[in-house]
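Okay, so subunit A shows up in both of these, paired with subunit B first and subunit C after.
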Partner chain A sequence: MPIAVEFQNVSRHFGSVRAVDDVSVAIEEGAFFAMLGPSGSGKTTCLRLTSGFERPSAGHVRIFGEDCEGVPPNRRPVNTVFQDYALFPHLSVRDNVAYGLMVRGLDKTERYARADEMLELVKLPGYGSRKPAALSGGQRQRVALARALVTKPRVLLLDEPLGALDLKLREAMQDELKLLQGSLGITFIFVTHDQGEALSMADRVAVFNQGRIVQVGTPQDIYERPRTRFVADFVGSANVLSPAQSRAAGGPEKWVSLRPEAIMLTPAPQARVSGTVTGIRYLGAMNRVSVALGEAMLVATVPSGAALPPVGAETGLTWDTRSVHEMDGE
Partner chain B sequence: MMQVARKGPWAALSDLFWRRPGVLLIVLLGPPLIWLVVIYIGSLVALLVQSFFSIDEFSGLITHEFTLKTYGELLRPSNFDIILRTTLMAASVTIASAFIAFPIAYYAARYATGRMKAFFYLGVMLPLWSSYLVKVYAWKLILAKEGILNWAIDGIGASAVLNGLLALPVIGGNSLSVSYVGTFLVFLYVWLPYMILPLQAALERVPRNLLEASDDLGAQSRQTLRYVILPLALPGLIAGSIFTFSLTLGDYIIPQIVGSSRLFIGQAVYAHQGTAGNIPLAAAFAVVPIVIMGLYLWAAKRKGAFDAL
Partner chain C sequence: MRSDRAPLGLRIAAFAGLAFLHAPILLIFVYAFTTEDRTYQWPPPGLTLDWFAVTWNRPDVWSALGLSVRVAALSTALALVLGTLCAAAVSRARFFGRETVSLLVILPIALPGIITGIALRSAFSLGDIPFSTLTIVLGHATFCMVVVYNNAVARFRRLSGSMIEASADLGANGFQTLRHIVMPNIASALLAGGMLAFALSFDEVIVTTFTAGQQQTLPIWMLEELVRPRQRPVTNVVAMVVVIVTFLPILGAYYLTRGGSETAGGGK
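Our next item is the complex of A and B:
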């Protein structure tokens, strides 16, 4: 696969702040790529470096092999779905979608025909004559998507595309975006701070922290084999043990992560460690049991229906050593 | 047990307002509404009524009978010229101030921050703090034949251009201070802040991400200006033009001090209600700007100028 977007030692400084600090990453054509990180970690700046709204302080951004230095946003083959959609409030939905075609000089009949096609694709047929203000959040999201896709960009950038939607709508849109990306076959790069969203939608994920990429990999890599303590902490509900805690539990003297589903409750004789149950949360298909082991706290998930010790009781815990994952302490 | 801590008339009043929000609304809105309706609208209605009376040409007394005769007099060439002259002047002042104000307002709204912004506000507002008359007389001196502007134009060797301009029929004259060009310049100077401020407020409200979206979708800067910025700033532009247009329509001091001696509407009103004692005709003249502004706003609304509000 050719490379769609490549960052080569890219930095972007705002005064003394290093928003993006020596980032190198290559995103293949046709990928669904997520940039995941807490706010202020540099992921949105990376997106804006790709769209051209920011210029690198150092390094090179290449789109399909071409260095983008000096190429303004309106001449890059990438379009953006903005975080709050940025629909033009004075234009109808159809004119919003057709905007990219209008500025390219297409006549009215053709651009409206293509805009209506696009509205059909995002499942909003017949909404063309409305104003954006008359639409719900989810519908605006779809219009923004149609507007960004109508000019057939080779790369679509999505900035927290689902951040403003409620949970149910967000899940539906996740599926739709994934399907849409599959059928169009173009590269999607999306920025999110929601690890669940990143893991469920993307084929590859880059985890950002403090302007740097900490880890790039498939969702499985990120989830099961976090490279650093930060990734394990940020990406999920993994138990993170310090070297001392790990050693006390009979493991290596290193930072380790241990997934809650890998831990089993067991009677004391077979247990690796034992502690006090401090809380049980019912999550539908499973229960989430918190167990205090002196300083450390381990969380285990137990399928619903299995016997549970009461809160305050002593319980033993065990796990397969193969599910213990060593990582950097950063 | 519920805690009822407060007693007394104020507590009772506060409870009443809580139970009946409408009472509070009436108490708060009543006085300004009375002022607005009685004094403001009332005087306008009195003016309108006056314009339907007429003056008896022999006795010079006002006949209190409904007639359209006074409005008919407005159409007399000498009077109609005044209306035409004033409207054309107001329109040119408005258009010119829009062109001058836009870049200033755009810079202030998009780029100026901190000290630059304070400097901008000071620069725009400062002229409004000094007396209007002082400014107009200052301009008379600036524009006079022996004034600084003539001297400067002479200095750069461009007096041929100025003389050419002054030699033009109608708008020319002996010097800038006695020509329509002079009147226009002073109007432009005096009313410009009233165009800049609403325009700047409107431009400030255009979200930056809309400009980025336009850019991202492939628009050139001038296309973004034409299809995004201007439509969204249009309410501000209209607000500013209402100021510059109506202020020019009603002004009677500037054309008296700077310009040819031919009358503008404001001067006509002043003359008819004063020495001439023709209150009905003065009232009819005063209605003209109101009608013109009404037509202008109606046309602006039909064109969708306020859709972005």
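Our next item is the complex of A and C:
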């Protein structure tokens, strides 16, 4: 697969703030790539470096092998779905979608035909003559998507595309985006702070922290084999044990992570460690049990229906050593 | 408990306030129809429409009116260009001294007209610039620019920044973005600002007296007529015209900028 977007030692500084700090990553054509991280971690700046709204302070951004230095946003083969959608309020939905074709000089008949086709694709047929103000949040999102896709960009950038939608709509859109990406075969790069979204939609995920990429990999890599404490913490709620705590539990003297679903409650004799149950939260299919071990706190998820000790009781905990994952203490 | 009707005392006070504000203006209108042309005698001894014909045939009225319209149009045009560019810079870019520039642009309207007038007059004489239509236009542009700027800056703030980026992202160059995205969204604000600027310029006296030399704009002409009574009601007829010419744009500007919130935010 050719490389669609490549960052080579890219930095972007705002004054003394290193928004993006020496990032190198290659995104293959046709990938669904997620940039995941807390706010201010540099993921959005990376997106803007790709779209051309920011220029790197150092390093090179290449799109299909071509260095983008000095290429303005309107000449890049990438389009963006903005976080606030940025629909043009004075134009009808059809004119919004056809905008990219209009500025390229296509005549009205053809651009409207293609805009209507796109509206069909995003399941908004017949909405062409409305104004954006008359649409719901989810519908606006689809219009923004149609508008960005109508010019057939080779890369689509999505900035927190689902952030403004409510939970149910978000889940539906996740599935749709995934299907759309598969059928169009365009490279999707999307920015999110929602780890669930990143893991479920992307085929590759880059985890950002403080302007750097901490780990790039498949969702499985990121979730099961976090490279650092930060990744383990941020991606799902892994239990993190310090070297001392790990050794006390019979493990290596290193920072380790342990997924809640890998921990089992067990009577004291077979237990690796034992502690006091401090809380139980019912999550539908699971119960989430918090157990205090001196200073440390471990969280285990137990399938609903299994017997649970009451809050305040002593319980033993055990796990398979293969599910203990060593990592950097960063 | 709330009653729909205000207490009687309050209503009387409100009507008194309105009368205080507007009765003198009505008086001016009434005297435009009086049959007596030397002193303003109350009540008017008789009513006539003759003064409209007399006014129509006075060349000095026409030349003053012509100059006023020319000055107002030119200074509005100048203010539209400068005020909009200024507003765009202040609201779209971040640069050193941005707040100061914003304050300095608004300052001329806070500054007493007499200061602006004296300053401009000294500047013109220092630069050996003879009085002409252009000097009046420059004087008026100082405060016309402020109203255009204020209107434009408010609209620019509501124009979501990502809309302009979205336009560029979709392949539009700067000119296309200006024409298809920026202009449609700020047009009504510019029209409102322009109308206000025109009205301000049309009835301006103080700055004009310092920058006009021997030329007479309509308000200056009226001032002179009051000192030198000859066919006095002609002044009243002209005053009526000035009220109408300045009031209509202000009313228009009010309706244009009122509740235009549907152009805000870009789909939020």
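Please note the rule applied: the second predicted complex is superposed on the first by the 330 of 330 C-alpha atoms of A that agree within 3 Å, B and C clash if a C-alpha of one lies under 4 Å from a C-alpha of the other, contacts with A are read in each partner's own complex, and residues count from 1 in each chain.
Everything below uses one rule, namely that contacts are C-beta pairs under 8 Å (C-beta built on N, C-alpha and C of every residue); 3 or more make two chains touch, one makes a residue touch a chain.
This one's a predicted model, so the numbers in the text were calculated from it and none came from an experiment.
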item	value
Subunit C versus subunit B on the shared subunit A, clash or fit after superposition	clash
First, second, both or neither for A:Gly100, with subunit B first and subunit C second	both
Subunit B versus subunit C as contact partner of A:Pro132, first or second or both or neither	second
Touched partner set for A:Phe208, first subunit B, second subunit C, both or neither	neither
First (subunit B), second (subunit C), both or neither touched by A:Arg140	second
On subunit A, the residue positions that both subunit B and subunit C contact, one per complex	51, 53, 72-75, 78-80, 82-84, 86-90, 99-100, 102-104, 147-148, 151
Complex contact set, residues of subunit C against subunit A	160, 162-163, 165-173, 176, 180-181, 184-185, 262-268
Complex contact set, residues of subunit A against subunit C	51, 53, 72-75, 78-80, 82-90, 99-100, 102-104, 132-133, 140, 147-148, 151
Subunit A-facing residues of subunit B, complex	207, 209-210, 212-220, 223, 227-228, 231-232, 307-308
Complex interface listing, subunit A residues touching subunit B	51, 53, 72-75, 78-80, 82-84, 86-90, 99-100, 102-104, 147-148, 151
